[in-house]
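Heads up, there are several structures right after this.
Presented sequentially are two complexes of subunit A, the first with subunit B as partner and the second with subunit C.
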Partner chain A sequence: MKRKWLELSALLLPGATIIAIFITMMVAMVRYSFAPGGPSAIGDGFTFEHYGRFLGNPFYWGYLADSLRISLYCTLLTAVIGYIIAYAMYRSGPLVRLIVGAVLIIQFFTAYVIRTYAVMLIIGKTGLINTLLLSFHLVDQPVRILFTEVGVAIGLVMVSVPFMVFPILASLQRISRNVEMAAASLGATPMRIFWTVIFPLSLPGVAAGIVIVYLFELTSYIVPGLLGGGYSDMIANFIYNKAMRSFEYSFAAAAAVVTLLLSALIVFTLNSLFDRLTRYERAR
Partner chain B sequence: MTAHAPRHIVIRLIGAILIMLLILPIFILVGVSLNAGVEQTFPPQGLSLRWYENLANRSGFIEAGRLTLGLAVGSSIVSVLASLCAAVALARYTFPGRAFVLTLLLSPLIVPQVVVGMGFLITLSALGVFNSLFSLSLLHLTITLPFTVRVVVAALSGMPASLEQAAQSLGARPLRAFFEITIPQIGPSLVAAGVFAFVTSFENFTASQFLVWDRMTLPVAIYTSIQTENDPTAAALSSLIVVIVVVLIAIFHRFVIKHMFASS
Partner chain C sequence: MWNRRRVLALAGSTCALPFISRAGHAQAPAKAIRLLTWGGYWQDIFRPVAEAFEKETGTKVEFVVQSGAADGLNKITAQRANPQVDLWTSIRSTVQVATKSGLLATLDKDKIPHLAEMPKEFVKDTGVSIWLSPRGMFYRTDLAPFEPKTWNDLWDPRLKDKVGVTLALDRGSFLIVAALLNGGSEHKIEAGFENIQKLKPNIHTVYSTDPESIKLLETGEVAVVAWGALPNVYRHLGPDSKYRFVMPAPHFLADIPVSIVKGRGDAQQAAAEKFVDYMLRPQYQTVMASIAGTVPANPKAAVPEKLRSIVPSLPIPDVYSVDWDKVNAQYPEWEDRWVRAVQVR
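On to the complex of A and B.
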């Protein structure tokens, strides 16, 4: 008995050490978010001033509100695009599925900073869209997409589509072909089969994708950083700027703690909402 | 009603257009990197490899590349080994709080990267640690561990303990049974875990940027270069990395593909 516990402790030690470091960092951040002190200083003592400052000024919490709004409509758009791609893959032969799968995996494994940069080369002042528009004389001046919220939204959607496709496709592939054939043999039209059989059964995948993508987009840094260029900062950029440009560590930590709590709340709410909505689909 | 019924043509066509739009930026990136001119334009004004040659002159990129590779290799090896130990504990022992231990091991996944970075920054600064190599190593271990834990625990839980027990009943010591039976069985999953950890570490930007005091990682160097320079050097480096990614996927796709669905 004693030996079992010794073995267990030894086996769990490496992983536990790493997680202990991580949790220490998080707990310390919460502690320092209550520490008094301005730029470059982490004082002793306890204060709510940073939280008061962040939550009391619309200029500050506005970054959080904007991030919630932008990532909400981008997630919905990502869900629609991701669903279409996943469904098209589901309805295609093995070769097409392999090629599209390869494209998505390349996307998945290529660094965000590179993929965002690639989007920048399309929507930029001398990018593909403007080159095309100018050469066909559709516009006289380059259109400004880069460094606007539209540019950020395009980037967010393009970067996060793979996260949406994989769970939806997994969900679709779990649907037995018999279900569809049964519906068809009873005389349902293809449209009706899709909306009353296939789509509801694939909802768990959509739900999983939405949670992942919303959280990812809400706190993304690179896309608003490169494609917003300071004109369309989101909450992650705000935290970084407060910490690394004006060195207000405790204030930035307070904003980070609020962001963490909010994203935990969102994940919890969405998960319980989707659990309720999809309990029959998951129970099958 | 087959999968190829003509009525699915419309949705498949729309899907094809969307997937092409999705991959288009990567092709433009490669096109821009081959530009003979000094601007980041597409179509390129003549083809040349000058921006690739220019990479050799950028000692910042080379230094950053070395650090990033080292971090990615180191953190993926340590994370895979730590996950293997933890997976044996979780899959082969019964003890109270098992589910809680697994949740803890996966916990870094649910914390946004910017919050992770902020936590490391403020804590390490308060402790007076301003060494990027040390700080980034700690950071990259915590962000890669949950990915390897998930893959390795799933693999070991999916493999019946009876195989090891059979080997032991034939006289193999537990350790020998583990190394000769278990490891070869879950080998592909260990490779997949390593690939996921490597990529996670290699591409990490958001958390790492808080800890680049005296050294830069490659994503940070690329980001800075995009913001401050207008020539296609960053496009050349990015294209080079994309080519490496494509080659790696060609080699490892068999191992990673089945974990893609669970990975997000």
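On to the complex of A and C.
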């Protein structure tokens, strides 16, 4: 019995250590958010002034609102594109699936910043898109895509797609081919099979992908920082600027805590929603 | 077998360890010191001096990267209880913040004899300038429709959608330039915001760091970078180069101080003081200036010939002196207002 406890403790220790560090960081952040003080000062005491300042000023919580809006439509776009890729892989042979899978996995070996710089090369003034548009005389001047919300959206979708594809693909691969055959044998067209059989059964994967991608995009810093040119800063950029440029640590901490709570609420809501939508799948 | 006595003994000795190791550490000469400075090319500026210093003293100089002065300040603030760097290069505004926060050691004139050679305005209690960095605008001759010569040229309609601007670099300095051109200053910053509104049609993007500004120019996203440091483009400049640097009046010359971070122990501080003294020696001032494209802070140091062809004249006349206390107090407000005024289309 004692040995079992020792073995269990040894196995749990690394994970517990990481969780303990994470909790310590969160506690420190919450503590700072209630500390009085302005630039470069974190005082002793307790105050709600930073929360009041953040939530009471539309300019500040506007960053949060914009982040929610941008990440919402970017997540939907990512879901559509990710589903198409995942479904194409599902229907393809092993070789195609391997090649496409490798292309997607390689992205995880490339640093996030590098991938974002690559997007700049595509959407910039002298990038691939404008070069093609100009060479085919479709435009007279380069089209402004970089340093706009559109550029940020393109970047967010491009870096998020792999996170959407794999959960959906995993869900599709769990669907038995017999189910499709049964539907076909009862006279269902391919389109009907997809919408009434395949898609509902793949929803758990879609749900997982949406939750991951939405949170990832909501809290994105590098993509709006590099591709937004200051014109599409999201909440993470705002928090960074307040903490690291204006040195308003407590105010930035309050904004971060509000974002964290909102993110937790979003995850809870999405999970509850998808639980209801996928109850038939779970009942299998 | 574990009993209460053994557990207490282990806990007690574990708690004593940091104090023992720190006491021992303070008495041994420093084997290495850490310099917190800008990354990449900027470290090349210090390398020859660091190598010579190591050869003479046996103390290695290690580099720790900061993305900017503000990032450096945040790092040393976070490390207050257990600093990980001995020296920090920064800009005046952030040194003032760090000084007020009690993060920096007072420079000892007896231990840094070359301080006596430095002009008084470059020597403060907690930082001494190691070089003076010309500020101005840089542009590409193949992208700009004309060659800008004055700050006001940035407002020329021919530069529509071709200019990159910044608030973050040098903590609002470009906004101060805009104010000065409109009869204001850092004390009357309203004039700056008014002038920036008129510049908006020309603004293509807003950047926050030196590497971003260079990248914008290199990729052709902008034709003119409205505010930057000469060292950023110094390597690109030359007779056949398409890059140009202009330092219009009013002139801005950022004196770049080096400071000693408190709390690393006597041996580390002694080594750091020696290295500061080394950097102030005229021959090493010239070496650093030659690599960086900066003006030596020590008047006894020779000025690189290439620099003479770029800056208006030496010594640079009519250098504007910014009230950094005012800027530091107002900067959070400026930042919010800048976003509302400039960073919306």
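Assume the second predicted complex is superposed on the first by the 267 of 284 C-alpha atoms of A that agree within 3 Å, B and C clash if a C-alpha of one lies under 4 Å from a C-alpha of the other, contacts with A are read in each partner's own complex, and residues count from 1 in each chain.
Please note the rule applied: a residue touches a chain if its C-beta (ideal position, glycine included) is under 8 Å from a C-beta of that chain, and two chains touch if they have at least 3 such contacts.
Everything numeric in this text was worked out from a predicted model, so none of it was measured.
Q: For the combined arrangement obtained by superposing on subunit A, do subunit B and subunit C clash, or do they fit?
A: On the shared subunit A, the partners clash.
Q: State whether A:Phe22 touches subunit B only (first), subunit C only (second), both chains, or neither.
A: A:Phe22 sits against subunit B, while subunit C stays out of touch.
Q: Now for A:Met120: first (subunit B), second (subunit C), both, or neither, which partner does it touch?
A: After superposition on chain A, A:Met120 lies in contact with both partners, subunit B and subunit C.
Q: Counting only touches as set out at the top, which of subunit B and subunit C does A:Met244 meet: first, second, both, neither?
A: A:Met244 contacts both subunit B and subunit C.
Q: Counting only touches as set out at the top, which of subunit B and subunit C does A:Tyr231 meet: first, second, both, neither?
A: The second partner, subunit C, only.
Q: With both structures fitted on chain A, tell me whether subunit B or subunit C touches more of subunit A's residues.
A: On the superposition, B touches more of the residues of subunit A.
Q: Considering only the touch criterion stated at the top, classify A:Phe147 as touching first (subunit B), second (subunit C), both, or neither.
A: second
Q: Can A:Ala256 be said to touch subunit B (first), subunit C (second), both, or neither?
A: In the superposition, A:Ala256 contacts subunit B only.
Q: If you stack the two complexes on chain A, which partner ends up touching A:Phe59: first (subunit B), second (subunit C), both, or neither?
A: So A:Phe59 only meets subunit C here.
Q: After overlaying the two complexes on chain A, where does the subunit B footprint on subunit A coincide with the subunit C footprint?
A: 120, 124, 126, 243-244
Q: Spell out the residues on subunit A that touch subunit B in their complex, using ranges where they run on.
A: For this pair, the touching residues of subunit A are 4, 7-8, 10-16, 18-19, 21-26, 28-29, 32, 42, 81, 84-85, 87-89, 91-93, 96, 100-115, 117-122, 124, 126-128, 131, 158, 161-163, 166-167, 169-170, 180-181, 184, 190, 208-209, 212, 215, 218-222, 225-226, 235-236, 239-240, 243-244, 249-250, 252-253, 256-257, 259-260, 263-264, 267.
Q: Which of the residues in subunit A end up touching subunit C in this complex?
A: So the residues of subunit A touching subunit C come out as 38-40, 59, 120, 124-126, 144, 146-148, 229-231, 233, 241-248.
Q: Provide the residue numbers of subunit B that touch subunit A in the complex, in ascending order.
A: 1, 3-5, 7-8, 11-12, 14-16, 18-19, 22-26, 28-29, 32, 39-43, 78-79, 81-83, 85-86, 88-89, 93, 95, 101, 104-105, 107-108, 110-126, 138, 141-142, 145, 149, 199, 202-203, 205-206, 209-210, 219, 222-223, 226-227, 234-235, 238, 241-242, 245-246, 248-249, 253, 256-257, 260-261, 263-264
Q: Name, in rising order, each residue of subunit C that touches subunit A in their complex.
A: On the subunit C side, the touching residues are 70-71, 73-74, 77, 97, 100-101, 161, 168, 204-208, 219-221, 328-329, 331-332, 335-336, 339-340, 342-345.
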